[in-house]
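Data block below; observations after.
Chain lettering (A, B, C, D and E) follows the sequence in which the chains are written, and residue indices restart at 1 in each chain.
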Amino acid sequence: MLEIMKQRAKELLESGRVVRVLGWQRGDFPNLREPVFFTTAKQLDNLEYDRFCAANLSKYLIGTDVPTLAFLKPCDTYSLNQLVKERQINRQMTYIIGIGCEGSAKLTDMEENGTLERCLVCTKTVHAAFDELIGEDAAPREKNDRFAGVGEIEAMEIAARYTFWQDHLARCIRCNACRNICPVCHCKKCVFDNTKYDTAQRANASAFEEQMFHIIRAYHVAGRCTDCGECNRACPQAIPLHLLNRKLISDINHMFGEYQAGTDTETPGPLTNFDIEMDKEVGL
Amino acid sequence: MEKIGVFVCHCGSNIKGNVDTAAVVEQISHVDGVAMAVEYPYMCAEAGQAMIRNAITEHGLTGVVVAACSPRMHEATFRKAAERAGLNSYMVEIANIREQCSWVHRDTVSATKKAVALARAAVAKVHRNTPLHPGESSVTKRALVVGGGIAGIQAALDIAEAGFEVTIVETTPSIGGKMAQLDKTFPTLDCSACILTPKMVDAAGHDNIAIHTYSEIEKVEGFVGNFTVSIRKKARSVDMDKCTGCGDCWAKCPVKRVPSEFDSGLCNRTAIYTPFAQAVPNVPVIDRTNCVKFKTGRCGLCRTVCQPGAIDFDQQDEIITENFGAVVLATGYDTISLDKFGEYAYHDSPDVLTALEFERMTNAAGPTDGRIVRMSDGHKPKSITFIQCVGSRDITNRGKTYCSKICCMYTAKQAILIKDKYPDVDVQVFYIDVRTPGKNFDEFYRRAAEEYGVKYIKGQVGKVVNVGDTLHIQAVDMLEGRHMDIQTDMIILATAIQPSATAKTTAGMFSSSVDQNHFMTEAHPKLRPVESHTAGVFLAGCGQGPKDIPETVAQASAAAAKVIGLLVKDKLMTNPCTAATDEDLCNNCGLCGNVCPYGAITYESKLTASVNNALCQGCGACVVTCPSGAMDLHGFTNRQLMAEVDAICK
Amino acid sequence: MHSNHTKNELLAISGADIDRCMKCGRCSASCPSHQAMDIRPHQFVSYAADGRVDALLECNSLWQCLSCFACIQRCPRDVKPAQLIEAARLMVIRQQGENYIDPDEIPGLLNNDVPQQLLVSAFRKYRK
Amino acid sequence: MQITDFNPNIVAFCCNWCSYAGADLAGTSRLQYPVQVRIIKVPCSCRVDPLFILRAFQRGADGVAVCGCHPGDCHYATGNYYTRRRMALLHNMLDFMGIERDRMLLQWVSAAEGAKFAKTMTDFVENIHMLGKNTRLADWRVVNAGNNETES
Amino acid sequence: MMKIAKEHLPRLFAALAKQIDLLLPAQQAEVVNFAPFCPDAEIDLTTLKTANTPKHFFLPQVEDLYTAAVNAGQISISAADTPIKPFAIFGVRACDAAALDVLDSVYLSDPIDQFYQTRRQAGCIITLACEKPTASCFCTAFGINPTEPCGDITTWLTDDVLYWQPNTEKGDKITELVADLLQLTDESPAQDISENICLPLDKFNPDNLLALFNAPNWQDLSVACIACGACTFVCPTCQCYDITDFDTGTSITRYRCWDSCLYSDFTQMAHGNPRTTQAERFRQRFMHKLVYHPANNDQYGCVGCGRCVAACPAGLNIVKVIKKLEVAGNV
């Protein structure tokens, strides 16, 4: 599959259809893969694609104004659609080759440690946007429910839920990796970095600010988050951030009808939409 | 440096009674930015406003906080006062320490503490106010009147006389409304048609007035000065230009048994019909549900006899969309249904009529040419009984809780009409209390009792039984405590009235609200009775509440005056508290555009959102949807509200 | 013999809200046995309003009322006069010459052929 | 009614056209409700940002209410439809994180419902009394500053 | 040299914790952090790299500096007087211990940072030697001997014995606290360094500064950087901080908190920001560690712990920069 990708990329580069190719290359450590823009056929020899290429490349296409070829895994294409819907990516400037995905590897201190949790419960095995496909879509994962984690927490006692989140959030070092890796967190200056709300803060100076940062981060992407799981992968303290986003997705599905962000580039998200009849039952 | 002046009002004893205003002044003077704080018994009085003006010039105030009554009462007053002293009116904030503090908390100590917190919040908000200047929006010099009754006609005539184009939209085939059904009107016993039809003809003939009958409002967009209204002209199946109103068609129409709405069902009408002789426009309408041609495809007699060839069975509904600057809602009333009032045997006996049905009977143009007869056997009745407050003043779910206001007077009128035509008929009225609140009203009622010998019995009817050819009434005379088992030939029920069926939906389309009885809610019951909450939408007639013709006409002219006052302006000052985006922070994601109810947000080439101040009404939905805080709302900015939360929680 | 039964007692038992009455007379008009009554339903409400409870307890209308509830059905102000009459009847029944047992008499009456249940009901019945 | 000596602090965001007018009507009808409720006027309930609600809790509020027009009556036509969805998600998420759901209230109050406003606020303060001081969504720095600074 | 049997370690820790605040690596969710000792903590002495670093306890992420308040016109300023109790951190690896030297060279040189100084004096470092480096370790490249860590007390852990070697008088004081549990021994557990990683560090000498600064491939090296702060906040030697205020309602608390040179408004000054592109910020991080710090303190700013390698979501790291940076002229 890697050979076909390299050969196809070189053809498109030489034909001038694209000016650069977005893919991965081997890092300086055995299991590291870095996103990189290849511009010459020679560089394309370094192109890599295997279980360690977990990064969601769609965010690198924001604001691209030169024709760019990008290799996207199925879940990345939902982020692409969401970014196209929010006019951060000009779809004409991108040539998307959908590549099959067997699930990405989980790294613990650079050692492979099974498969990422997001891939074990992946429901987005079919590419949502592509100009070309290499390798067929993966077979749907054995169906363990991606909302199982959310259900467990919901079943807990309220005090237990509080301590569960308190312990996890207390470890947060506000490195903003979860915010900056998230494809739909593309504000020019985040609300925590600008003076529009007097909430600019560089660090969580109290337990409240820890809660506030994560509540608002999850809330701002509610209805836009495609559940790509990058926030959980990027967190150096392994805080289960994706559970917050999945709780919102599960609530949206229950209350406002099944919705998977990024399936297309038209329908407005649940929070910028309403349904008079259905919302009546939203018991508050 | 911020120099804010705080003015704490006593409001006589309304505030001073429960809030220690001196303590409020003392504590608020320590808040940073407060240059001076003072208290005064009546801030809204001229002296109070003068105090503000002088303080602004004397201390060079950059902001004013008035701790007094609700901003909905006097915010405008204090803002004008500041404006006259040269301070931008949006640098004035109100702390509501009357309706939301002194009047609802008896304990002085805690009420004072709360008043200080509310004042502090207002100061915190003024700190972050920026001078705002109202924008301008254009005014379409045309008015729309919804409803073609006397209210709509009067309003339209007044507006047209002032030189502005008016469009009347009426659901029935002719204008005239309920008044056209009446025989005489109280208290002067003028013939209703004589005073109404000239106005109808004037309206029809006035070149500034366009009338759309058999039509309804389909869709409304826009706001004051720029309403875009789509009107659905339902298919009459008659070409209005060709038809001369000769009447050959309804003479030939084979369908004879359709109960006539205009005659309240006392007689029938044909499938192609005009509601009444003096109908304006005098063009018939084909009732497609009862017309044989539409039901079975056969017949078409009307088309064959129509010389001018005006009948057109293929005519379709037509939607016309027009712009208007102002709207008058004059949707009128209907009588309530009597299904839940079995005790009056209304459905058992044809001789039990509602007052409106009886009005048709006494009307010379009515089904009985004015002869008062028993519908059961056509004989002249020897005794007629009126029953008041049927369904009114009833707090069970059977009727309406309010008094319908006009029944006492029209009952007296109808009693006089009967005694005038047939002096020998004895007429009695069962009443709870006769309400005659108007000029010459009580004298009129006493004429009925004294001059025409109408018997008024203070008591109520318990039960009416239709026995053979007479009606047995079981009633009580409260004053004598006498039980009455009497017989009567005819019963007329003073039925409660309610807003017409279209009132709630029409109000909804103009985003103005209705109360629990579906009467349209006026902006202020005493001070702004003919304005709705929505700017540019005015109310007139029974749609706003039960009232008689003189009041309706007065409201119609008042509404017209308001409309004219608005249309005279070339430009309207728009609310400056609109949204605005910070180009550096906005990354053109488009979320705000989805939630704007007015479509005020566009994304031109410069790849950021831009707000059209004329369309934006300042609701703030886009500000909360914007994740980065790029979008903000003048007058209620994010920092202002955050500062208010900080100050109010201290 | 008349204990001073108060208006509140009558209202408490009946649960009727007599302040709503607008004196329209529809209750009396609808009452089938209005003829035979000395105090008619609408007067019942005003008697109760004035607190003349004793007069109500003695009137014979209490026993003419058929509890057909027409007055309740037709009253536009939801005053429920029939419940007032029912309450007055109950108060009369409960007086019953006040011959119920005083608590400290009970020990004396205890013997094995007098069932306990009788004493308890006698003690309790006809009290509130 | 003071079950514990703790004095709850309630912030209520009221929309200018309906619930603020309802609160005023409660005032003109002299309908008493607890003094701990403090009202902030916003143009529409859709103007209330989750950050305002969190800020109120940070600053010491024990309960936050958002009041708006009944769905369908919104002066801005669709404003409260968004509020309904936003608050539904926010309440669920905070509950998911262990914050008592009853600390937040969304209530539709029309301009004619003064009595409903007064009753809603009384019941809300009652509930907050049951729940006690807000400790799970509070900023200890504000709490400490509040404690050691004698009540002025 | 002293020693104690491995199975007595819990008693050792309990004894220590009774007399002094003891911090040691404990398993928390999926990561290991230095955390206060408590009996049911899952102590983990095998994982080399803790997610947080000893820096957390000497230069906390948030530290109140002072509080100012205005009462009735009078301004009062009071220094933040949070009492610092003596504490000991057990299980510090060689790289983290060396990192503290890097921080000392900055915070304890003139003008001395009292906040850091009080914490540093109150803290005692008990280092633990590593046997085998993990995939991301390269401390040896910076001349750090993982088997001979410095620190107040050095310990080595073999299969059944913990060797205990106090080096400083602060170490002796701590040793006295638990002297009864330790036996003297003359065995020396020094092992050899299993593998030596060497990196082409020579090009990073100060007089090469301009050439490094103007290296052509900073842009290519940094293209994938997403400007989060993960690498700086997991790094034991990063020492930049920001100062900001918090209004508590009745007073203003001024506190300092970690800052990251990769943030877009890191050096936002009145005139603007000297580094406007991400490549410049990326360059600043590595130039500071490899060129500027050595120029001032003749020790590298990096200790090769490899946490940034694991933390970077885009797979960028210092090793790649060291290897791939083409100094203009000599490659």
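Simple rule for what comes next: a residue touches a chain if its C-beta (ideal position, glycine included) is under 8 Å from a C-beta of that chain, and two chains touch if they have at least 3 such contacts.
The model shown is predicted, which means the values in this text are computed figures rather than measured ones.
Asks: Just to be sure I understand the contacts, which chains border both chain D and chain B?
Replies: A, E
Asks: Suppose you hop from chain C to any chain it touches, then on again the same way; how many hops at least until you reach chain E?
Replies: Between chain C and chain E, the shortest chain-hopping route counts 2.
Asks: Please find which chain has its CA centre nearest to the centre of all protein CA atoms in view.
Replies: D
Asks: Measuring centre to centre, with centres taken as mean CA positions, what chain is farthest from chain B?
Replies: Chain E.
Asks: Relative to chain A, which chain has the most distant C-alpha mean position?
Replies: So the chain farthest away from chain A turns out to be C.
Asks: If you average the CA atoms of chain B and of chain E, how many Å lie between those two points?
Replies: For chain B versus chain E, the centre distance works out to 73 Å.
Asks: Report the inter-chain centroid distance for chain A and chain E in whole angstrom, where each centroid is the mean of the CA atoms.
Replies: Spacing between the chain centres: roughly 31 Å.
Asks: Between chain C and chain D, tell me the centre distance in angstrom, where each centre is the average of that chain's C-alpha atoms.
Replies: Here chain C and chain D have centroids separated by 47 Å.
Asks: Cα centroid separation between chain A and chain D, in whole Å?
Replies: Roughly 35 Å, centre to centre.
Asks: Show the residues in chain D shared as contacts by 2 or more other chains, in ascending order.
Replies: Where chain D meets two or more other chains at a single residue, that happens at 49-51, 55, 59-60, 72, 78, 82, 86, 141.
Asks: If you look at chain C, which of its residues touch at least two other chains?
Replies: none
Asks: Scan chain E for residues touching two or more other chains and write them down.
Replies: 246, 249-250
Asks: Can you name every pair of chains that touch?
Replies: A-B, A-D, A-E, B-C, B-D, B-E, D-E
Asks: Along chain D, where are the residues that touch chain E in the complex?
Replies: Interface residues on the chain D side: 59-60, 141-142, 144-146, 149.
Asks: Any idea which chain B residues touch chain C in the complex?
Replies: Residue positions touching the partner: 343, 389, 393-396, 398-399, 432, 458-463, 474-476, 478, 481, 483.
Asks: Any idea which chain A residues touch chain D in the complex?
Replies: Counting only chain A, the residues touching chain D are 150, 153-154, 158-166, 191, 197, 199, 205-209, 211-212, 215-216, 218-219, 222, 244, 247-248, 251-252, 255-256, 270-272, 274, 276, 279-280, 282, 284.
Asks: Inside the complex, what are the residues of chain B that reach chain E?
Replies: 30, 32, 646, 649-650
Asks: Quick one: which bits of chain D touch chain A in the complex? Just the residue numbers, please.
Replies: 49-51, 54-55, 57-58, 71-72, 78, 81-82, 84-100, 106, 136-141
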